[in-house]
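This is the structure I want to talk about, given as C-alpha cells.
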C-alpha cells in the first residue's frame, strides 16, 4: 500500500461558491472528505449590540440586513415581536399586505437558492433564469417599498405605505407565471441526469439528526418532517390560508433542492388567496411615537423565514430601547450540520451541500 | 407515553428537583427557573420524558451581578413549549454544557461564550465563533462600551 | 430512459435562444424607476422648521443641523443642514417623520464619488431667505394665483390662438403655424400658456423653436412628397 | 474558387522566382509566409470564437452579450486580449518557475500541431500523413502534460487538484476516444484522413457509425475540458483549477490553446463523421469551415445547458459506459463488415 497523507483545503473565505464570507476548512484524504470545520464571523456586525443602542423603530432597517435575500421576512419577524411585546393590533389590510410581501420574499430567496445552486454546480444558465424571474419580484418591491433589495417596507404596527395601483396586476401576473418558472427550473436542472447524479444521495440528513441539530425550514422538511411554523404556530393571519408542505423522502441534496422549488409554488398559492381576500382599510395601527414596553417584559417570537425558524428574543427594561435583543438565526444553526452531512463525500459535495443548505451569511454572522 | 400535560410535568419536576426548580409564567411561556447545578438533570428529563426535542433558542442576558441563561424549548411535532431560565453569577460565569443532549447547543453556546463570556463545562471546542480569536472582551456585556464613529 | 432529461434541458436552452433578450442597457438607456424609488436624499431649506424629528428618527446619525435663536421671533433659525450620506440606509424614516416634507428622495441613484468628502452634503442657509421670511408673502397663494392665470391663458389660446399669439409673436406666417400646432397638440399649448405667464422671453424662444421645427418638418414632407410626383405646392 | 489558396501560393512562388530568387529559397519563404498566415488565422479565429461563445451563451440566457465595442461587440475580445497583454505577469515566489512558465507555451504548441494533419479542403493539408488519425490522437493527448505542468508548477493545492483531475480524466477518455474512431478506420481501412474523407462520398460516417459519433462527441468534450466536463478549471469548486495562479498573457495562452484544441477537434469530427470537405456547390475549404463551426456550436450549446459532472461519476462513466460501448461498436462494425462481404455488397 502506498502511504497517504491527510491534507486540508480551505474553501473560502474568498471563494466563488461560499455565498458570502464563509470559510470551510476541508480535511481531505485524496478526494474523500474526512471532516469539515466551519469558520464564521467574516460578516459579523454585532447587530445584537447595535440593537441595544437604537430605539425600537430605528432598529427596523437593520433587521432587513440580516437576511438580505428575503428582506421582508426578518423585518416581519422583528415587527411582530415588538407588536407582541406592546400588544399592538395590526389592521387587516396590513396583515394581508404583509403576507403577500413575506411570501414574495420567500420566493425571491428560494430563487436565489435555486439559481446559486445552479451556478455552484456549473449550470450557469440556471443562474440566469432564476435571476431573471427574481427581477420581477425586485420590481414589485421597488414599487411598494422604494428599494429593491432592502426595502424597509414593513413597520411596527403595519406597513409603511399603501400598495400602489400597479401592485396587484404585477403580483397577479407573477403568480400566474410561477408554474412556468418551476417547470423551467425542473426541466433545465432537476430532470437533468447529471444534476440528479450530483445531488442524489449527497449530504443525507436523517430526520433525527436534523431535529437534534436544530435544523429548521426547508432543510428539515426535506428530511421528511412536516414542521412549518406557518402551520404549527400560525403567526399573523397564516391560519387563514390553505397550502401544502412539500416534503422530501431521503433528506439528500436533491430533496432540499426540490422542496425549495415546490415551496415557490405553495407561496404562489398563498399570495393568490391573499390577493382575493384582501380587504380595504387602514394600513397602519396607531402606534405611539416613542415605544416603551413595560419593564421586565420579554418576548420570543419566531416566524418561518425562507431559511427556517427565525426567532427574536427581546427583553425590555421599560425604556425606548431594547435591553437585550437576540436573533435566533436559522442559517447559523443550519450551518452547524454541514460537517455532519459532508463527511465521507467527495470534495465537490461540499459545494453541493453548502448550496442546498442555503445559508445566508449576513444572518448567520449577524 | 402518556398524553402530555404541562401541569403534570411541572408537578413531577417539582417533586423530583424540590426547591431547585421554581415555576412561573409570563404571557407567552411557562417558565422554569432552575438552579444551575441541576440544569442538565432538568434538561435531560425535559428532552427524554416530555419530548422537548427542539432546542430552538439558547441565549443569555446580562443583568449586572448575574447572567441569565435562556433556553426556549419546543417539541416537534406536538409544538409544546417551555422556557427554562437559570442564573449564574458574573464572577463565576460557568455552566454545564448541553451539547450532549442537543448537538445544536454547540455553536449557540460558543456564541454565548464569545459574546457574553459565559464558560460551558464539558463543551469540547469552546472557542470564539463570530469574533476573531484574538479579540479582547465580550461585547454583549453591558460594561463593554461601543466605540463610536469619529 | 436515461438521457431524456439532458435532451429536455437542451430544448429549453434552445427555446430561450430565440426569445427576446431581457438585458437593460443601463448607462445608455436609463432604467424606469418606480415613483417611490429612493435615490438620493434631498433637502429643501425654505421648508425646514428645524424641529429635529428627522435627526431623532435616523438610525445611523446621518443627519445633523445647526440652528440659531432668532431675536425677532420665537422660531429657531436654521443655519445649515448636513446629510452624511455614506451612512444612509435609505430606510425612509426621516422622510416619513418630517412634518413639512422638506426632505425627499429623488431618483438619482448614481451616487458614487471619488472622494469620501464629496459624499457629505451640506446645505447652507441661502441668501435672501431672511427677507423672504420677513415679508411673509405666502408663496402658496401666489402659486395658486399663477395656476389660475395659466388655466385662463390656456383656454384663450385654444379658443382664439391667432389673437393671443399676436401678443407674443410677429409675422403672420409664424402665428398661423403655431396656432395650428397648438390646436392639434395639447402639450404644446400647455407649455406655451405656462411660459407666457411666467416668463415671456422664454416663451418667445420656445415658440420660435416650435415654429422652426414645424417649418423643417413641412419642408421635409414637401421634399418627400415631391419625389412621389405630388407637385401641388 | 476551389483551388483559390493553391493558386495564390503558386502565383506567389512564381512572382518570387521571376524576381530572380532561387526556387528552393522561394519555397522556404513560402513556407514561412504560410506559417505566419496559419498562426494569424488561428489567433483571429480564436478571437472570433471567444466572442461567439460569449454572444451565444448570452442568447441562451436571454442576455445580449458583449455589445459595446464595435458592431455587435465584435472587438470585445480584442480589447480583452490587449488588456491581458498589458497586465502584470505574476509568477508566485514558491512556484517551480521553469515549469510554471513553459506550461502555457507547451499547451499552445501542442494545440497548434494538431492542425498539421487535418484536410482543410481538397488536397489542402500541411502533411498528407498516412497515419494522420493516429498522429492526431497521440499529439492531442500530450496536452495532459501541459496541464500537469501548470498544476505542479503553480505549487498550489487548487492547481494541483485541477491538474490531477485533468490527468485522470484525459487519460481515461483517451481510450473511448480512440476506440470510437476505430470503427471508422475499420470501414475505410486507412488512417489517412484524406482517405477517410474520400470514403464518405456516398454516406457520411455519422449515418454508418452513430454510436461512434456519440461516444466520440462525449469523449472529445472531456478531452477538451469543456463543460460539463470542465474538471481542471471548475471555477466554482477549484477557483480556476490548474490556471488559478496564472495571470495576464500566460493565462490567456491557456485560453487560446483550449479554443485552438476545440477547433481542431471539431474539424476532425467534421472530417471523420460529417464528410469532411465534401459538399455541393461551395468550394471544399468553405464546407469544412461550415461543418467545423456547426460542431463548435453544438459544443457551446451543451456547455451552456449542462451542470458540471462529479469527478467520480466522470471516471465511472468513462470506464463503465463509454469504453464498453465503444468496444461494442467495434464488434458491431466488424460484424457489419463481415455481413456486407458475405452478402457481396462491398
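General observations
Order of writing sets the labels: A, B, C and D. Residues in every chain begin at 1.
To be clear about the criterion, a contact is a pair of C-beta atoms (placed from the backbone, for glycine too) under 8 Å apart; a residue touches a chain by one contact, two chains touch by 3 or more.
If you're wondering where the values come from, they're calculated on a predicted model, not measured in any experiment.
Common neighbours of chain A and chain B (chains touching each): not present. Of the two chain pairs examined here, A-D and C-D, the one linked by more C-beta pairs in contact is A-D. Summarising the inter-chain layout, the chain whose CA centre lies farthest from the centre of chain A is D.
Taking the mean of the C-alpha atoms as each chain's centre, chain C and chain D sit 58 Å apart. Centroids built from CA atoms put chain D at 45 Å from chain A.
Look at where the CA atoms of chain B average out and do the same for chain D: the two points lie 64 Å apart. Contact of a single residue of chain C with at least two other chains is seen at positions 6, 9, 12-13, 16, 22. Among the residues of chain B, none is found touching two or more other chains.
Touching two or more other chains at once are residues 125, 129, 132, 188-189, 192, 194-195 of chain A. Taken as a graph of touching chains, this assembly fits none of the simple shapes: it is neither a line, a ring, a star nor a complete graph. Screening every pair of chains for touch gives A-B, A-C, A-D, C-D. Within the complex formed with chain D, the chain A residues making contact are 7, 9, 15-17, 31, 118-126, 128-129, 132, 188-189, 192, 194-195, 197-198, 346-349, 351.
Across the interface of their complex, chain A is touched by residues 57, 60-63, 157-158, 161, 227-228, 230, 234-237, 239, 304-313 of chain D. Taken in their complex, chain A has these residues touching chain B: 40-41, 44, 46, 48-49, 53, 84, 211-215, 225-227, 232-233, 297-300, 302, 309, 311, 313, 315, 323-324, 326, 328, 332-333, 335-336, 365-366. Residues 26-29, 53-57, 59, 61-62, 70, 72, 76-77, 79, 83, 102-104, 106-108, 111, 115, 128-132, 139-140, 144, 146 of chain B are the ones that touch chain A when the two sit in their complex. If you check the complex, the residues on chain D that touch chain C are 56, 58-64, 67, 301-302, 304-306.
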